[in-house]
Structure formats: C-alpha cells, structure tokens
Amino acid sequence: PPSPLQPPGLPLAPRRSFSNNKIQVELDESSGVAMMKFKSPPVNSLSLEFLTEFSISLEKLENDRACRGVIITSALPKIFSSGLDITEMCGKSMEHYAEFWRAVQEMWLRLYGSNMVTVAAVNGSSPAGGCLIALSCDYRIMAENPKFSIGLNEAQLGIVAPFWFKDTFVNVVGHRIAERSLQLGSLHPAPEAHRLGLVDELVPEEKLTEKAAAVMAQWLALPDHARQLTKTMMRKAVLDRLVAHREEDIKNFITFISKESIQKSLRMYMEMLKKKK
Amino acid sequence: PPSPLQPPGLPLAPRRSFSNNKIQVELDESSGVAMMKFKSPPVNSLSLEFLTEFSISLEKLENDRACRGVIITSALPKIFSSGLDITEMCGKSMEHYAEFWRAVQEMWLRLYGSNMVTVAAVNGSSPAGGCLIALSCDYRIMAENPKFSIGLNEAQLGIVAPFWFKDTFVNVVGHRIAERSLQLGSLHPAPEAHRLGLVDELVPEEKLTEKAAAVMAQWLALPDHARQLTKTMMRKAVLDRLVAHREEDIKNFITFISKESIQKSLRMYMEMLKKKK
Amino acid sequence: PPSPLQPPGLPLAPRRSFSNNKIQVELDESSGVAMMKFKSPPVNSLSLEFLTEFSISLEKLENDRACRGVIITSALPKIFSSGLDITEMCGKSMEHYAEFWRAVQEMWLRLYGSNMVTVAAVNGSSPAGGCLIALSCDYRIMAENPKFSIGLNEAQLGIVAPFWFKDTFVNVVGHRIAERSLQLGSLHPAPEAHRLGLVDELVPEEKLTEKAAAVMAQWLALPDHARQLTKTMMRKAVLDRLVAHREEDIKNFITFISKESIQKSLRMYMEMLKKKK
C-alpha cells in the first residue's frame, strides 16, 4: 500500500528501512522524513532493551544527512506506549536500576535535544514515560478518541516523576497545569489533553499519519540551521540541568526505587495489571 | 446540622476541634480533613495576631497524623479575607514592622509549603493578602457571585507586592497575566478570575463547602508520599528564594513602609475605608 | 482636527512636539501622554539611524517629568514596522555590525525597561524587530484586519532571534507558544495573534488611537511609583540577563551575521523583497 508520504501513482521514492526487535524505522529519502513505529507488544513498555534500541535508532537518524525529521508512532492498536517497564524497577539489583535509569535519561537527552523535527503521532494511550516521549517532540497530534488518555500519572503509582519530566511538562503546559496534573497523577482523555495544551491537535485516528506528514512538511519548509539553533535556545536550560545532575539523579532514583515501601507499591500495581487482563 | 463531610444518617465520625480568637478549626478524623474558618470580624484582616494564630493552626494540623488536608474558608459573609491589616503598617515602630512582616512570611512559608492538601473555598472577596492565601493553596474554588472579587491589588494602594507574592502569582496564572494584573492592581470579579486561571472553579455559594469536600476527596485518593514529593518539586524553587532572602526582604519592607510618602498613602486609604462604612 | 486625547470643545491642552527624520513625537502635557509615530517610509525599517532616534526620543520622554506614558504607532499605512533593516546587516564591516547591534540592544533596554506606561497601537504588520517593539510595551492593541500579521519570523530568513527577543516573547505568550512560533518563524494574522495572547486586544483600525488613549488612562490611574516598582520586579531578570551578556551578545551577532551562508540568505531575501515590489 502506498505510504501517506508517497502520493499514489508516482515512482517510489528511495527508501531505507532498518528495524530491531522493538522499533521499526523507515526513512523516505526524498522527503527526508523517517517514520518510527514502536512495535513491542503488548503495550510498548519502555524496557531497558526498548530504550536502548530507541536511543540507537535516534542516533542513527541524527547522523544520517538524508534525515531531517522523524514521526514517532505506535504499530500496536490503542496504545502509544505504556511508559517505563515496571518489571525493570522491581526486585532487581542496584546496578540494574542504575543502568536502566541511565537509559531513560539517554533516551530523553537524545529526543528532547534532537536536531531533527520530531512529531509525535499519538495513536493510543500514553501514560507516564509514553507521555514524556510525546512531550519531548516538537509537535503532538493525537487520535481524537476520548478513550485514549495521556499524562504523567506517576503519583497514582506512588512514585514521583523526576525533575526533568516535570521541566519538560512545564515547558509545554505551564506551571499551574503541570502542578495540578502531576500531583493528581492525571491521565487526560484526548479532548482534555488538547484543551490543556498537552497535545497540539486532535484528528480522527485514520488521518493521523497523513496529518503528521503534513505538519512535518510545514516544519521542514524552514531552513534547518536557523530552526535547530532556535530549538536549542528554547530547550538548552532544561537539557543542561539534567546533564549537570545526571549522576545525582541516578542515585536519587536508586535510593527511591529500592525502598521497601516503593517496591511494595510497584508489586501491588503489577498484580492489579495482571488481574485486569 | 450534619457536616457536608459527614453523610446524614451515619454515626458521627470522631471529630476534634480547636479554636482561638480569630480562627476556628474542626478536624474530621475519619476523612482526615480539617475545616479552617476565618472568623475575625469585620473583614478577616491579617493582623499580627491573626497571622500568628493562622501559622499555629497550620503547624498543629501539619503535625497531626490524623490530618491529611485542610479546607480554608471564611465564617463571615461576603469576605474571605481583606488582606494584610493596614493598621499594623501605619505609625508603628521599626520593630513592630519587622515582627509583622516576619509573621506574614511565616504564614506563607507554612501554607505554600504545606504537606497537606490545601483547598481554598473562597466565599467572598479576597484582595491582596487574602488573594495570596488562596493562591498558596493547591486548589481554589470561588463562589460564582460576580460581586466577589480577588486579586493582588497592592499597586492601587501605592504599595508593591513583594517578590514572593509575585512568584506565587506567576506560578498560578503565568508571567503575562501576572504582569498586567499586578501593575494595574486589578481586583478580578469571580468570573474573570476564573477565566484568567486565578481560581480553578466557580460554584454557587451554597455548594461551596460540598464542592471543596469533593475536590479534597479526589486529591486525597492519591498516596500522600508521592503527592507531597511532587508538590515540593513544584514549589521548592519559589519557597527557597524567600528562605534565602528572608532578612533582606524584612529590611526592604521596613525601609519601604516607613517612608513618609507611603505612610501618607496608607493613612489616606484608611480614611477612605472609614468613610465608606 | 481635535486629538483623540483632547475632547472637542475644550481649550487646547499645552502640547509639545519634537520630531526628527524618522519619528514624530507629540506630548500632551495635560494628560502626560506622548504619541510617538514612526514615519520612515516605506516600511519603518529599523535602520541604525531609526534606532538611534528611537532611543533618543524615549530618553527625552523618560527624563521629562510631564510625561508618564507613551503610545507607539505608525504614521504609515498598513505597516507598524518591518523590523531590523537588512541592509545594515549585509556587506558591511564588523565595526558597523557591532554599532548596529548595540543600537538594537539599546533600544530594547530603554523600551522594555521604561518607567513610563508604554502602549503599542499596532496599526499594520509587524514582523521581527517590529514585533519585538510591540512585545516590549506594557499593552498591545492591534487593528483587527486579518491582513496584518505579527511575529518573530527570523527563522524564515535563516537567522535566529537572540535570547532576549526570546525571553521577551516567552514572558508574553509562555514557553510552548514561543517555542513553536519561533521555530516556524510564524507571522500570525491579527485574530490568531490575539488568540495566542501575542496582542491583548483587537479593535477596528479607526478606533485604534482612541482605544489606546483609553487604555493609557486606565494604566495612568495607578500611582506611578508603585506601578514602576512592580514593572521592574516583573522585567528585571530578563533585562539583567542582556546587561550581563551584552558584549558577548554583540560578538555572537557579528560572528553569525558575517558567515558567508547567512550573508547569502540575506541577499536572497532582499532580492525577493525587491521583486515583490
């Protein structure tokens, strides 16, 4: 079937794709746009392996002169990404927690600081770390289905979003909305997320890829160099803050996550998820 | 009459109340929610005595493990609080100004930094320091009566809101709305205050306590520990700024308030208030 | 014809005017309001000469005790100001670039930090530096004509708005709207500019001066001293940031603007403008 980036009837544009266990990437060289699809059933949870593959995929595209922008979406129905994989944070060694958290940081540093235009096509629910991925893009389009929700709901699980999740959120929705939403651990249905400015646009699900391609074309109409310098100017303060406190942030995570009370909360949450199925 | 926190027909929940000259507090131990009512006629102005009692009441609740949240409202009709008591700032000694200002700071540090869930049920007008109290809570519900207004109107009196009033305001409504409102010393009628985001919700006056209890229940559904850490993360920068400059801020206040021109403005303002009666 | 600041039938208020090549200023001593009109055909572009005259005019009014506020508008049809004069940034010496950039900084420091009430009556399009002038005022009223647009569109030209343009923009519209608008180099038609908060109010073009005078009267109803201290409190952090990095900012500008790739972009842009005529 013709890609939405490829008008029907025209000769096929040169196209390169690479894929790993969790993520599928297809780069359209004529437009300079890569389509990145999360395909880690059942819910695209951000395991250590997923995060590593995500960072590697971003790095590959970043270093590919043929690539100017990336659209991030899910290959699975109803879910964009369920966020950090709780099994990575439960009953593991300190070394594992450190490695895992460094991979979360690495992914965010690459995505939030990317020189490419990044568009999130949020075609399903997107809690916690899934929401962070969307928030880190330049533009967020969401399927207008009110059954899909998005938000940094960490507090619901008894855990706390780290300061750089918070900074990214505040940069998108402002201090007040972030304060309330984070404290309540809110998951906002798509229409509410749009009203709050958490996503930029809602479209019917079947139009999502098409719309993402159109938005991408609009952003790519600008000269790369000026756009990239502008993006850096807007995001540098928040990126630098994590870079400056990266080891401290890892230590904080390990201390917090290895508390017996937190481990207990996470185990209960996983039990609840299992029963839901 | 049954409390709105107490469904009719059920046995009465254990309930503790304490009260001082200016403020009445009733703690419902079953829900963990305290109702704090300002009752200092005629207008709940924030005298040194009021502020001291307010801080002590907050401290008592903060240290009471049975208390998880507090609803702040007024026991008087039409007024939430008229703000700082001008008589405390007029014709008094430098020592008095210092003591008074320290009490204002103390109240704000306790309220803005409270670990409890704080809901303001603004059942009347709420200028200046009264508005600060509302802004320092986690959530603000206001009676939808357009005759009630709220705002940091210090500039109207020829005085200037200190930087931490401003920081608190900016964290709620953003920089632009704060800049304009503070320069004009605006008192916003309830509907406008809602439009600007200064209050979160409007309800008919008779529904105010009921709504506050419902909102409180929603916030208390979250695990305390995660919610508190999240709140601290959002508010710490602004709290720390006053803590770091507390003595300097007192000195600034004394210098400013003891200027003859400012004293004259305040005396004129008090004359005007007297004539109004 | 009677001025909108001067009700018909009353004796004429004392009035002083001064004028230079590019800007005409008329001060109404009874109201304390100056009307400043840009009159540098064809498009009020901000040349070194214009910027110098602008700064001098602001300084004169700032030091004139009879003047409390200034309304800034254009004497030309359809254009408020086209922004920085590209001919000043193209094919000139390093010394010239330095002198020019210092004049841009000087203008902004004076306008954004002015003790006077500043109202922009935006009666035409206002890209780039023209938009900066409007953003630096206390209040922005725009003619509701959707053919008029406003925005920091530097990225469209392949250049980057400096950090203090960005800071000024963020203080008005918030981080998210600024990030998107700056990266896209958007020029927002008046209705969209109003929706985004980039301008405070839209009025029919023929009502613009009248409305500006009414807004000015509202702002001047406040005591100057308290209003000025409040304004300083809101804007000082952003002003101080440029003051602290002024020479560095000039160096950055020179390095950037003298790059051959940038010079080429600017020459192409100027060619395009010439062909448009």
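The letters A, B and C name the chains in turn, as written, and every chain counts its residues from 1.
To be clear about the criterion, a contact is a pair of C-beta atoms (placed from the backbone, for glycine too) under 8 Å apart; a residue touches a chain by one contact, two chains touch by 3 or more.
Which protein is which chain? UniProt says A, B, C = Enoyl-CoA delta isomerase 1, mitochondrial.
Small disclaimer: the values here were computed from a predicted structure and weren't measured.
J.: For the two copies chain C and chain A, is the contact made of the same residues on each side, with over half of the numbers shared, or of different residues?
T.: different
J.: Please state the rotation angle, between 0 and 180 degrees and to the nearest 5, that superposes the Cα atoms of chain A on chain B.
T.: The best-fit rotation has an angle of 120 degrees.
J.: So the centre of each chain is just the mean of its C-alpha atoms; given that, what is the distance between chain A and chain C in Å?
T.: 39
J.: Which chain A residues touch at least two other chains?
T.: Residues 174 of chain A touch two or more partner chains.
J.: Which residues of chain C touch chain A in the complex?
T.: So the residues of chain C in touch with chain A come to 154-161, 163, 166, 174-176, 178-180, 182-185, 261, 265.
J.: Residue numbers of chain A touching chain C in their complex, please.
T.: Of all residues in chain A, those touching chain C are 138-139, 170-174, 197, 200, 218-219, 222-223, 225-227, 229-231, 233-235.
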